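These notes are about the structure you will find just below.
Letters A, B, C and D mark the chains as written, and numbering starts fresh at 1 in each.
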């Protein structure tokens, strides 16, 4: 239903480019989206799982988690971009007519993501993921200048290739499952697959899983397939970047997780896929240290940190211990909130200063104190500093590393995280203080602080985790570790 | 108008802080009298959904350090009440200061009270964070920002070790609670135990400022506003030492002998390096910061002696070492925060931290000078004030340790530690004579100093109160000893009464010494009263006396610099302008510089290596899509081949 | 694949492989495109044949769609872009043609090696076909990696796509229609978008040489 | 009642102890000067000259530098008092110290340190060059003497297994005088005392050439009673060091006060002789050597420290514990 909402909204956007019209339509769509989505999530969490239309759409706790992330971030980002895109048009960066296309693609994008988390069929899921790629390509290249085109090109080429690997993997899975579930859609249904996982032909499945992890991994942005990510994130309009790294990456990860739950039950055993994920996770972490330490472009900085956090998530899920998975699921949520917030605030900062180069941004605290405060919160949140929630989640993931007797890896991971923290702190301090260049027009409304709401949630979750959320997370853990 | 408002806010908040401290002291006094310790916590969730407690606990050990913290809080807040006035006049918003001030104090309480690894890490990190923001408060100066950055990064790297150790113990014992760790520690293999110990040592040692993890300390303590420096130097450093007792002494239990040796040697090294670098400093606050490193070193020696005595089960020496440790902790907290406050007064009066520009301040700010004089008497470990008696007991402990050893080279090394302590004492006299003499005595060396005036009333009151307390602690040793009993009763098993009896003598000696000295001085003064006095010019071979003729701060300790040139890596550069002939000297430029040995040989290469690595990594992303596709292809093939 | 005899199958596979190799080897974009068209026709014929033998209407439908959509529309689209951009030669980078052939051969071997465990499976010619499919995919990736011109990269993607269809053909006797349609639709849209992009590229850089676009670094 | 009696006697004995030391100190100074004169083939001033100087200076008017503060006037008093405190822990002729107890050997050094602190501060008071020079050098020398002094005493403490000077003196009675560690420790203490007394080769007590003086440099601004006090306390310090040395070289002749008046007198005489001999020895040494450069001082004191360490090692070796 909310997919419908999204699609209709998208088409509706094309009708007219009047500001008021767009505003109205957007907010209407958001309200509907929130209501229907919220209701679904509630049903899902109450019943443990929830189907719609004879199971064409189907949600369990895991999908509910992703669903909530998508909706929250969508609301936050679109509300922000209403003002943001206005400014862009005002500053003649974009023609007014392009606004409707902007919203059209955004909503298509959201629709595809909703499809991804709502379908119980791995094939359809693949279609959805590919759909997200196509929907976002033009958004990435939205400014149509050289760099934008370059970014879009790299994005679409790399992701398409990656995705086609995933398709091959899916086919292999189909071949493996067909003998048991028949030559039909059910052969790709992740409700059925875990039941017969143990009978799947290991060779076919192994090949399939490998192709899929690499394929979707490209989309998630595991190193070394991450190379499209910073370009796309830095060139896209900031709200889009927020959506990309706060939601899209998670959706791709979700696809991998579906496979993960099945793979754990096959003859290959949980370790096989777990090791792959851990490998990718650590590699991503280690490489990102370098990129983050020496970064000059603030949006790329955030993009790389997204890669890093995807690495952390992969690590957490790959470990497969109760606590680690719990932490990872929590971290997925928290990272989405924090990163969206950071992209939004940095986006407005870039808009104000007109540059993305860290060395050229100075003295934020003097000129825009509120922006500064939000950025400080964001900095602490993204680097997992207590008392922020990210600290809790990362700690659980790390303890998972120790539980599975990798003290050395654990130590290294903490070290990487610290170095990344050092990098972030260094860049942000540079931007906070020093004497601002005269060009900036000072002054901002207190309402800037409102942008920090997600971070305050993260902060709160760091100090106290309500029972309900905890139960939900435990359900997620059960889904991931225990199959159905 | 706004100014008035902020003034009232300042007074309100700071006096609130003081009142809280007072209330805390009263509460602490009552609790430790009744001796029923609190142990409670907050409910929160873990991955298993099982309930765990964000738990805290108060026992004698905690209580002692709580007293330290509360005293520090009270005095520094009282001082800040006056100190912050300057910022108000500069129209600099004080809110960042207030917020972080309270949060910093709160997190320190948290660390002291924490009873499980998780809450320990949480509060510990917060402590670093908020102190970082406080150091960053005067962020207009680029140098200060750099100092703050170094500080936070170093503490974080230290925290890496702490986190690793905590998680390791957690996974081994299946719980975060300290008790469980304590009971689980014996089950660890020796190697694991040693590794955990080393992790704790590095992690906590960095915060405490042990050499070679000390380089952040002088930067941070001198960059921070003076009330903050006095709090960091007086209290935060002690919190780290507290954790040594909590996590190593009580939790990991009696380890192998080399733990003690490590403490002893690192302590000796820190004491020596710290005071040596202090003696050649000419920055008012950096000097004090380095002397903090020295005192931490002395405390480290005390810890080492205690650990050694414990593993040689020589109870008497252990008791002495512990008493010395706590006594010195108390004294250093009082005196160092006092000195930082006086330094703050000087800085506010003259707006310079450079000793070479000060001089003759005693006449301009007499009350500050009085406090400072008492401060240096105490900090240089000279009788009659507290610093000395702590070292006396430490000497005794080392001596007893040596005497009761059956054999081994330890019998030579331990007395050498005494020698080091004596050397450190001598150096500290030189250091603080320089600090006090150059800034307060003689003639003003620059115009800024001539305009200096006495500081605000509370800024003078707070230090003098501390002086009173310092004197009292010596004058009434049995009370101090009663305070020391709190932690001792936790740390050691056998009866505490014995110590009280045994230590009664020397500590009563302390009071009698003080009394006698004052008595004698008074008598002498009275006897030498008669005779008339006349104020004249200083004799200068008949030539007129200019301020530049005084010994400079650099010159005063130059012999030390020359003697320890190797250690300090000090080098001098003299260039004279001889007008034509070899005999008439027009002008002479002298320039002496000191290398930060540890920064140059330990940290710089590390950073350089890291940056090099990072640049190498960044080459991966150099823009060609062909390359990226290549990565993809290679990854697929590699994964496929590994996977099969 | 009952029906189509083993030999025929192998013959088709040989055609596919050689066409793939010659795409990698070809020095003009035009040639590469032609070879690719041939290959696509072969694949679609394969699917059609299977459909006819088993008279599964949907499979036939897919085959026809394939024939029209891919062998028909896409080449036309690409040719137009090609004409606009007046590019004839595939820009070689990293590997010259000869060496690239060698590499392609190596990749083929890897493909066969990777699929060795599947020999055990019952279906006839299964492993062989899958190996060729994977080999084609690798070729596509290789092509994209070592050629500069945007269109050639597109051809690479299409090559990969063929490989996947081949794989689909072997793995899934007619994959669920929904997925088939979905994937094909995606490919079409994808190509359209890529064409749009390459037009924008022409506007910005007035050439299709991808190698100009390396401003985003680090 | 008994307690009161005990306290009173203790007090009286303490006062006697101090009085004795105060009386003897200038005499010793005079004696040393005389013996130096003897080696220099001069008549030299009378032994009682120091008393006269003190009396004269106590009467004189006091000149105070315009830059000086109250610390300038306080210093001589505190210095004198602190020296007396040091005197309280030194076992006197009959091996009894008023303020003896646990670890008082540290008190001795520390009290001297207190004197040093105030003197060096006073040196900076005058805002002149020479005072600063004196302070700087004094600090330099001081930081090297302290470890040596302490280590030397510590070795003795290990030999006698007590950290109280009184106890050490008592139990050194029955340690053979040629016990190697003892001799080495003695050498250490001897060299340290030279430094502490400000004598050649460390410093020259008689010079008033600004560029060479250390101790005198700090006193340069002082006149009248203050100077008298400072000189007096210097003489007292000298006496204390000599007593310390004598009691360690040859503590025999310690007689408890119980032996009645005669016994005490005899002990006094005996001790006096010992001190005089030692004083003569130092005078001789001083006449034989020349003052060294300041940066030679480390060598001198390093030697003394080294011998202290040697003493320690040899002690354990002899006791067979290494």
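Quick notes on this structure:
Note that contacts are C-beta pairs under 8 Å (C-beta built on N, C-alpha and C of every residue); 3 or more make two chains touch, one makes a residue touch a chain.
Since the model is a prediction, treat every value here as computed from it, not as a measurement.
Here the chain pair with the top count of touching C-beta pairs is B-D. Distance from the centre of chain C peaks at D, each centre being the average of the chain's Cα atoms. Mean C-alpha position of chain C lies 101 Å from that of chain D. Centre-to-centre separation of chain B and chain D, using mean CA positions: 36 Å. Mean C-alpha position of chain A lies 80 Å from that of chain D. Mean C-alpha positions place chain A and chain C at a centre distance of 31 Å. Contact with two or more other chains is made by residues 153-154, 157, 161, 165, 206-207, 230, 291, 294 of chain A. Among the residues of chain C, those in touch with two or more other chains are 114, 117, 141, 144, 210, 213-216, 218. With touch defined as above, residues shared between interfaces to two or more other chains in chain B number as follows: 618, 621, 625, 629, 632, 636, 640, 644. Here the chains touching each other pair up as A-B, A-C, B-C, B-D. Residues of chain A touching chain B in their complex: 153-154, 157-158, 161-162, 165, 206-207, 209-211, 213-214, 218, 224-225, 227-228, 230, 272, 276, 287, 289-291, 293-294, 322-327, 365, 380, 385-387, 391, 395-396, 398-399, 401-403, 407, 410-411, 414-415, 418-419, 421-422, 425-426, 429, 432-434, 464-465, 467, 470-471, 474, 477. By the touch rule above, chain B contacts chain D in their complex via residues 359-360, 362-363, 369, 373, 376-377, 380-383, 388, 391-392, 395-396, 399, 402-403, 405-409, 411-412, 415-416, 418-420, 422-423, 425-427, 429-430, 433, 436-438, 440-443, 505-506, 509, 512-513, 516-517, 520-521, 523-525, 528, 530-541, 545, 547, 549-551, 555-560, 562-563. Every residue of chain C that touches chain A in the complex is listed here, in rising order: 114-115, 117-118, 120-121, 133-134, 137, 140-141, 144, 150, 153, 157, 160-161, 163-164, 167-168, 171-176, 178-179, 182-183, 186, 189-190, 193-194, 196-197, 200-201, 204-205, 210, 213-216, 218. Chain B makes touch with chain C in their complex at residues 618, 621-626, 629-630, 632-633, 636-637, 640-641, 644. If you check the complex, the residues on chain C that touch chain B are 93-94, 110, 114, 117, 138, 141-142, 144-146, 148, 210-211, 213-218.
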